[in-house]
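The structure under discussion is supplied below as structure tokens; questions concerning it will follow.
Chains here go by letter, A, B, C and D, matching the order in which they are written, and residues are numbered from 1 within each.
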Amino acid sequence: MSFLTSSNHPTVAEGDTVMIYIDYSTILAAQIDLSAKQSVIHTKKGPVSLKNLIGHRYGTKLTCKSGYVQILQPTPELWTKTLPFRTQILYLPDISMIVMHLDLKPGSLVGESGTGSGSLSHAIARTVAPSGHLYTFDYHDVRVQQARKEVVQHGLEDIITVQLADVYENGYGTLENHLDAVMLDLPMPWLAIPHAKKALKKGGSRVGSFSPCIEQVQRTCEELKKHGFSDLVTLECLMRPLEVKVMNMNSWQPPEVRAAGVDGDRRPKTPFSQISFSTAIIPKEVPGHSGFLTFASLF
Amino acid sequence: MTSEASASLIQDGARVIFQRKDWSKEATVGAGKSLVISKLKIKTDEVIGLPYGTLVELNKQTGKFDRVEAVEEDDFADIEFGEAGGDNRNLVDTGTAQGLSTGEIAELKISGVKGMELINNIVQNSSTFGDRQEYGKEKYVAKKKEKHIYRFRILRPTLRLACDVYSSMKVNKINHIRVDTLAIMLSLSNIQAGSKVLVVDGVQGLLLAAAMERTGGTGKIVHVHPGPQPIIPAYDLFGFPDSWTDTIHHLSIDNLEVVSSHVEILPKGEESMETDGASSDGPVEPPLKKRKLNALQTASANYMKENTMDALIMASRHHPKSILLFLLPFLSLSKNFVVHCAYREPLVDTFQALRGLGSVLRICLNDTALRYYQVLPSRTHPENSMSGSGGFLLSGTTVEKGAAAVVEKEQESVPEDGKEEE
Amino acid sequence: MSFLTSSNHPTVAEGDTVMIYIDYSTILAAQIDLSAKQSVIHTKKGPVSLKNLIGHRYGTKLTCKSGYVQILQPTPELWTKTLPFRTQILYLPDISMIVMHLDLKPGSLVGESGTGSGSLSHAIARTVAPSGHLYTFDYHDVRVQQARKEVVQHGLEDIITVQLADVYENGYGTLENHLDAVMLDLPMPWLAIPHAKKALKKGGSRVGSFSPCIEQVQRTCEELKKHGFSDLVTLECLMRPLEVKVMNMNSWQPPEVRAAGVDGDRRPKTPFSQISFSTAIIPKEVPGHSGFLTFASLF
Amino acid sequence: MTSEASASLIQDGARVIFQRKDWSKEATVGAGKSLVISKLKIKTDEVIGLPYGTLVELNKQTGKFDRVEAVEEDDFADIEFGEAGGDNRNLVDTGTAQGLSTGEIAELKISGVKGMELINNIVQNSSTFGDRQEYGKEKYVAKKKEKHIYRFRILRPTLRLACDVYSSMKVNKINHIRVDTLAIMLSLSNIQAGSKVLVVDGVQGLLLAAAMERTGGTGKIVHVHPGPQPIIPAYDLFGFPDSWTDTIHHLSIDNLEVVSSHVEILPKGEESMETDGASSDGPVEPPLKKRKLNALQTASANYMKENTMDALIMASRHHPKSILLFLLPFLSLSKNFVVHCAYREPLVDTFQALRGLGSVLRICLNDTALRYYQVLPSRTHPENSMSGSGGFLLSGTTVEKGAAAVVEKEQESVPEDGKEEE
């Protein structure tokens, strides 16, 4: 099924991309393709025959050799967790902030370079569909081929156009005064800024850039100002998962409490009672940095 | 964003945002409409016909907006910042360093000196400015700017700008939702054009507006509001078309129980009769009740009884647990919910309740951090203050409860069923 | 009393610096000086006659016109809250990390530039006393005079030497192979690094630098490496106060709960009950950045 | 740090830290002593006589340390990072990019190729390295370094290094105390030479070591330990002089109640008799009890009964509230306490209990954040992962409870008193 379909209790059909939830840390994406030779996915819960799923509702359980797996509808967020890495990818907090800060909504016309692994592309496509469009550019032929294949498999061919191009040199092709927003995820974003300016509508369009290093941000900001972009903002967004746990702690009992002990006149053997509480624990190690996001407007 | 030329000019009746750095305000444009900025009431009709994105500055003498040209934030032509590492060795902060007296500054203001000019004036007259360390200079100028400049850009409302409007002054009204938490809620809930969205909004209509912006009037929204009437100024500031607004069903939380299958809705006017069913010895079956509702509430309740939804987002001052548990069955399978709360304890409670259900997968509790940076040549650093918290997010995905509907053939052949009760 | 005295229930004496706790947000420092004309401090709780405090224990209450104030022993932390600002000062988290990362302890010999408002100097003195020493340098004459005065008033004259000097040009005076640690809080720390190297002992001494901007850090790190410092680390340390509060939330009661309502057979009038919980609230705005701390070793 | 030349050489019997980037290990130097690094047991006596600060690299072939010259972390002479913004346009990560097979790498290692050399070898043979984006390159090299380099600097123990030793592998043993939380605890408690410090240490003796480092053996420490015996490996790793160690009184928490004025201590050997006083109708007065203790515990308890302390620091797995409330009266007035806990809820509880006491001022609950940066030319950014939490800190200052001892003369003349019960 397409990433975009919305219907009550949809069922799995030929051609669908399905998400197979194995456990908290493992989710797999699979393409239901009856013509494919390889139609069995091997998971730690046992083999899953894809054919077997057709006609069943998303959200259903599938009993396997060792336990069960669950079949979920594809979403850009699940795709980000399952996609075949071709480059460093963007994750949920940054993707969410990009969509928000580029003011995307149904109908928006967006440029993206580079396509990379397509993690952001799916989130943009979801938001701008059905009337908007994403033009995504990558320099690398294999990545472009792969992205095009996924766009078709995911039912996004009306929303996403993947183009092979060097935006440093050639910019956004024939797009001129056309885009509402451009997102740069490039090693040298400053080289693409004059091209982005040309492709963007004037009067309030938006540009965004993602860079891991502060030096990239500094050059990008300088170049944005030089080309008349305004309202620059640079930020970092991090998300920390919290683990919900019930904790038990020994509570030392002072002498007066123990003297008035519960078990008759005898002092309790241990000077401790138990206190139990629910808490949300921050994991030992959390994401510390993905990259800096810079946004600006073009009037 | 349409590309027609007329659409890029501010129309009579438009809802707009007056944006200043770190501080924005919404307004309606038109005759008789006004905007209050530091106790001055400014008529908004004079901006009709200006292009969106125009920069204006409040002239405190005339009480009107003057159009101004774009000036980069850090272009203080007359202020010598120098590189980071300027020398402050001769600076002693005596508290009397400012060369102009308060009275003199007031005079300058009354004489109509524009903001930037005024700041440069103050800076030129400050006996210590030249001696201040870079860091001190920045703070000094920022302080002066904050106090003296009333420059705004007039913009079309967007979710981002709506967050700006609430973030500084009214953030408690939206339960400390921050632009990043709202952004993540919209990703995790997978809301898109055509979605049927269940929105529990006790945050001025901000979630309602977000759901509408992202469905673009092509979906359906059931809006559960905490009081008897929907109070949704954050929604109203968008000025969505009426045809879009018609896709919303409002339902008061006071009437929420009527969507339960155990309650029968009576159109208002008929006599209400509460029947308390005699409780049997078996598993407690809530009694069938009758409730009278007005036509709109009836329509909302019936919509919920007849449809399953694609997404659930929620942010209110109510404890989320009981509401979420009650509403989850109204979601289709394999759909996502996201609940925001300013405090973590209620979400910890709710997390624990969900864990036992069996009908929810990928239950996650998250905290977010948002940090802004000043990026200027030789003066780059994180901003000196930051938002303490944007609240916490609890999310999950609905799945079928109970036994597996499908079994791998290699194991046993069980008739395909998949039709357990929802 | 000196910042360094440790005795049971000490009492206020002539010459002491006392801390007057007014309320959560206001603490004042005062010098008990019988010869001074101005011996009354005016607070929002009313006037406080300093003479009146002599002979009373620290930690005692003083009833004033409107309420009471409390008299506390001076500590470097209280001094940081009360000191007369002469420059941007360092606060608790950064001060604590500096003392820790410079490996300071009783006996350490430390160099500091610049002295500034003396916020850090007091914390260093506390830690290296009684056998260690702090040599602190500032270019600015008035600041040096003021710091010297405070050093005497606070009983730290055996621990701290305040010197008027331009460390960019002249370094740490005659100190050579003498210091265990040097701390730089300067606009251009890189200029002081060769001088710091000269003043430091070889074989594991430590240097630290505090800078608000990343460009300063970059130049400092380059210069440290150039001069053979090793084990560079750059960090930020922030502290967020939490407000402890009891919160009340309405809890909506689902129909089955209300049907089994407590008040007989009648459905309760309101569909809500109250849930109360204690929580620690992060304030709306918290410190976001003070500066970057860079530390390195010299072997 | 003494300046004598001999003191800068590693002595037989010394406690030292083997420090690697992000990973340190303590060891005792001497015949028969060894250090285990990735399952290899390395004798430590060969480092005797080396100067502190010496860099050594573990030769996995000989199982011994080789001295090596200092090389800056980022000096990979043969690795072309280029500026940030290197081009990754030709890179496809196929998972087979590494040119050398695992077997080949093992061979290189066995043949005694040194760490840096090995990495350069691997990098040179990687078919994709040149194509990788800067970010990818860094991660690649870091991964390789982590795996292949066993280079250490031998250092004298300091609090900072002790935190390093525990921070990566054993951080749960010290309840997630982090270098910044420990640093702040030592500031807030105002511990210094000569201080009498009350330490409740359930964190391997790390707080005990901190109190000792900062008092330098010139103060007194009462150490309340959670089990029957003190378990203090973090203290032991410092190798403090025996004369310093003599300034510690150890007291088991199991015996803590004996310091109460209502308990009489009997030297061990005499018969223990518990007397339960008959409770009267008036305010409950705990009965006088008798407890037998061994000589050391008796000495510790008596020290506490006879002295008031200058500071209290505490970190353990016990709920802090009851212990803190019990110990607070043992502090002098105008003294500070700091309690660490890995969770916030117990400190919220304790905070609320303190608020009602009237004998504690400046009650503060704090959270800290610590962020490390990579600072390299054109490649500066915060580290990609960070510690989630260093725990929470509750602090306060003791003050006199009850009515004011001093009254401003202008008001009334009240005889100076100041001698209420503590």
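To be clear about the criterion, contacts are C-beta pairs under 8 Å (C-beta built on N, C-alpha and C of every residue); 3 or more make two chains touch, one makes a residue touch a chain.
Just so you know, these numbers come straight off a predicted model, no measurement behind them.
Over half of the residue-numbered contact pairs of C-D are shared by just one pair in A-B, B-C or A-D, which is A-B. Comparing chain pairs A-D and A-B, the larger number of C-beta contacts belongs to A-B. In terms of their C-alpha centroids, the spacing between subunit B and subunit C amounts to 38 Å.
Rounded to whole angstrom units, the spacing between the C-alpha centres of subunit A and subunit B is 21.
Each chain gets a centre from the mean of its Cα atoms; for subunit A and subunit C, those two points are 42 Å apart. Residues of subunit D found to touch two or more other chains are 344, 371-372, 380. Taken residue by residue, subunit C touches two or more other chains at 214, 236, 240, 278-279, 282, 292, whereas all remaining positions touch fewer. The touching residues of subunit D, counted against subunit A in their complex, run 83-93, 133-136, 171-172, 176, 253-254, 256-257, 260, 262-263, 274, 276, 279, 284, 286-287, 289, 317-319, 321-323, 325-326, 343-346, 371-372, 378-389. Within the complex formed with subunit B, the subunit A residues making contact are 4, 6, 8-10, 21, 24, 46-49, 52-53, 55-65, 68, 70-73, 75-77, 92-93, 95-97, 99-101, 103, 105-108, 123, 126-127, 129-131, 180, 201, 203-205, 214, 217-218, 221-222, 225, 230-244, 278-280, 282, 292, 294, 297, 299.
On the subunit C side of its complex with subunit B, the touching residues are 85-88, 114, 139-140, 142-143, 166, 187-188, 211-216, 219, 236, 240, 247, 249-260, 265, 267, 271-272, 275, 277-279, 281-292. Taken together, the subunit D residues at the contact with subunit C in this complex read 1, 3, 8, 19, 51-53, 70, 72-73, 153, 155-156, 158-160, 179-180, 182-184, 186-188, 190, 192-196, 213-216, 218-219, 307-308, 310, 332-336, 344, 347-349, 351-352, 355, 361-362, 364-375, 377, 380, 392, 397-400, 403-411, 416, 418.
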